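Two complexes follow with chain A in common, the first pairing it with chain B and the second with chain C.
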Partner chain A sequence: MMAFYFSRLVEIFPFFLKGLWMTTQIAFISLFTCTILGFILGILRSGKNKIIKRLIGVYVSFVRGTPFVVQVFIVFFILPEWGIQLKAFPAALLAMAIMGSAFICEIVAGGINAISKGQWEAGTASGLTLIQQLRLVVIPQAMKVILPPLVGQYVLLIKDTSVVSVIGVMELTRVGWVTVVRIPEGLMVFSLVGALYFVISYPLILLSNYLERRMAV
Partner chain B sequence: MLADFNFRIIFEYLPLFLTGLRSTFFISGVSIMLALVTGTIACACRISSIKMLKYPAIAYIEVIRSTPLLVQIYFLYFGLPTLGIRVPEIQTGIIALMLNSGAYIAEIIRAGITSVDDGQIEAGVSSGLNYFQRMRFIILPQALGATVPPLLGQSIVLVKDSALLSLISVMELTRCGQTMTSERFMPTEAFLTVAFFYMCIYFCLKSLADWSQKKLIFREAY
Partner chain C sequence: MIEFKHVNKWFGKLHVLDDINLDIDPGEVLVICGPSGSGKSTLIRCINRLEPIQEGEIIVDGVPVHDKKTNLTKLRADIGFVFQQFHLYPHMTVLQNVMLAPVNVKKMSAAAAEEIAREKLTQVGLTDKAGAYPIQLSGGQQQRVAIARGLAMSPKIMLFDEPTSALDPEMIGEVLDVMVNLVSEGMTMCVVTHEMGFARKVADRVLFMDFGKIIETGRPDEFFDNPQTHRAADFISKILTH
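After this line comes the complex of A and B, so read on.
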């Protein structure tokens, strides 16, 4: 029986590759948007405006305090009640963007706050504008603190894409879930799914370990 | 938007939410205890010099860390029956959470142990302390400061991860929200209430983690 199921699994392997492609798409788009949003929010959070800081703080605590599944349900089930109809794929991207940018925001704000006041003052003294100070003085130094946890966060984001399978996005986990109904060999099917995730996320884990060692000086 | 937010229905479903909350507490509590045991064992194997222990531990930690928890849960949920093991969903879920958090906890403990300077260990050796005495009097007291705050952080993650068990129909907090949505179709009320309860747990654990960090930094200053 085992061998029969195995050959069936080989037969439908292209289906898994499609799922892998969907996962990669969601992962890449959300890594991109989360990084941009996270940096903007993080810079604002480390800034001086108290109201903006507080608002971002509330947003970050909401995202960090609730499970990602619940956030996905909120985006997918509650937004339509308010008149915003989203298909599963954009809803998944939106949920990923909301979740990821909050975590990246904290990492970026932490990195910027680690830079001493003197650097900003030196920038002001050299006649740089605020944007120039950020771009030329602060961010390049903060990058040392930001980069290792940022890559670690990317790994978490890639793994979290599996959760959007609950709203029916045909990505890798969903493919496994659909397959296991027809090929009742749970260990085999989900080993394959796990192996495919391993292929995407393990290189990033190695990169994050490497950066941690490099930047630890 | 929230003008027609229906509080009455929330009160009607409050007993359900409270049982869900209790279930979430139970699952997270049991899983974190088991994960601590698993993590300590895995870490002991990981840092040992015996290859038969070291490499399986590395494989375990890396495999868990590079695959999503949901896949691990499904692996056990659909996989255990094919091995002839039939256990209730809640036990499958606790095993999955235990194995998942165990790997992360192993890494946290290892980071704590390796954060102790080699000189400290050498000092212990030259004072004539044996391995267990060195562990007991030199390494562990220092490593604790580096491990307790991240361990509390991991328990926050675990509570949030336990929400995924709703997908294998374990009756916990998130599942209650799903139940209410399917019975009354009031997703706004259901999921915002669920989110509220998770936020409460999060803030309690977060302040505990912050407090422990402050305390331990204070101790380091001596």
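After this line comes the complex of A and C, so read on.
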């Protein structure tokens, strides 16, 4: 029976590859948008404007304090009540962007706050604008602090894409669910699903370990 | 060149600058001393608006520093500032440290900025350290790089905030030598320091502060040998015996 199911699994393997492709798309589009949003929010959060800092703080706390699956439901089922009707794929991307940017925001703000005030002042005193101080002086130094946890966060984000299966996006986990109905060998099916996630995550885990060692100096 | 008119500043309830009136001429070398917490660092930090003030006016080379319309980038480009803790950029080489502002503020070409940077490094005696990173240098060398970094913008004024206080004793001399050398070039300078030897040698005027007020000013020999106020006398005897 095992052998029969295994050959069935091989038969529908292209279906898994499609799921993997969807997962990869969601993951990498999300990493990109989360990084950009996360840096913008993180820079503002480490800045001087108290109102903006507070607002971002509330946003971050909300995201960190609620399960991602609930956030996905809010985007997909509750936004339509306010007239924002999104299809599953864009809804998944939006939910990922909201969640990921909050975590990256904290990492970036932490990195910027680790840079001494003297570095900003040295830049200020020599006439650099605020943006130049950030770009030329502060961010390059903060990257040492930011990079290792950032790449670690990327791995988490990739795995979190599995949650958007709940709104019907045909990504890897969803493919697993659909398949296991026809091939009732849960261990086999979800081992394959797990292995495919691992294929995307593992290089990043290696990168994260490498960066942690490099930046530790 | 630098003019303070009834300047007042508070940190919360603390009155750090109390009705400061001061005129500094072009080419003048002013040494500011006083006990810690007397407001001397705050005073020079207001000159390039690293600190805001609440009352009064500071005018640098005809420009009202704390006016909203003032182009701060341009103002600061003309004022070099040397910090107690150097604050070199640790991720850049010495040469890149010195070139950064000329390239990004004055929009000089990299080649022109490098030429100036190397010239200034020669002036502070560190020609051979251009490719080094700050962490590879001694404190005295780092502070000389910081001075070169300030000079690279061809400033009209140089401000020094306790430039030798963070240095080991044997490195103080090399930094003071560079500063003395600047004086001979006619640079307008405000120096917060307790280095009496330096003050006696090159200062045109010594200004003594306590509790945010200017207590006494005078020529260095007059001030150190014959202070007019009790507080200044007390302070001088303390730095002499220490």
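The rule is simple: the second predicted complex is superposed on the first by the 217 of 217 C-alpha atoms of A that agree within 3 Å, B and C clash if a C-alpha of one lies under 4 Å from a C-alpha of the other, contacts with A are read in each partner's own complex, and residues count from 1 in each chain.
The working rule: a contact is a pair of C-beta atoms (placed from the backbone, for glycine too) under 8 Å apart; a residue touches a chain by one contact, two chains touch by 3 or more.
This is a predicted model, so every value here is computed, not measured.
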item	value
Chain A residues touched by each partner, larger count belonging to chain B or chain C	B
Which superposed partner A:Val137 touches (first chain B, second chain C, both, neither)	second
Contacts of A:Val166 with chain B and chain C, given as first, second, both or neither	first
First (chain B), second (chain C), both or neither touched by A:Thr129	second
Chain B versus chain C as contact partner of A:Gln119, first or second or both or neither	second
Partner chain in contact with A:Trp82 - chain B first, chain C second, else both or neither	first
Chain B partner contacts - residues on chain A that touch it in the complex	61-62, 64-70, 73-74, 77-78, 81-82, 155, 159-163, 165-166, 173, 176-177, 180, 184-187, 189-191, 193-194, 197-198, 201-202, 205
Complex contacts: residues of chain B adjacent to chain A	1, 62-63, 65-72, 74-75, 77-83, 160-164, 166-167, 174, 177-178, 181, 187-188, 191-192, 194-195, 198-199, 202-203, 206
Chain A partner contacts - residues on chain C that touch it in the complex	48, 50, 72-77, 79-81, 83, 85, 87-91, 100-101, 104-105, 149-150, 153
Chain A residues touching chain C - in the complex, by the definition given at the top	116, 118-119, 121-122, 124-129, 132, 136-137, 140-141
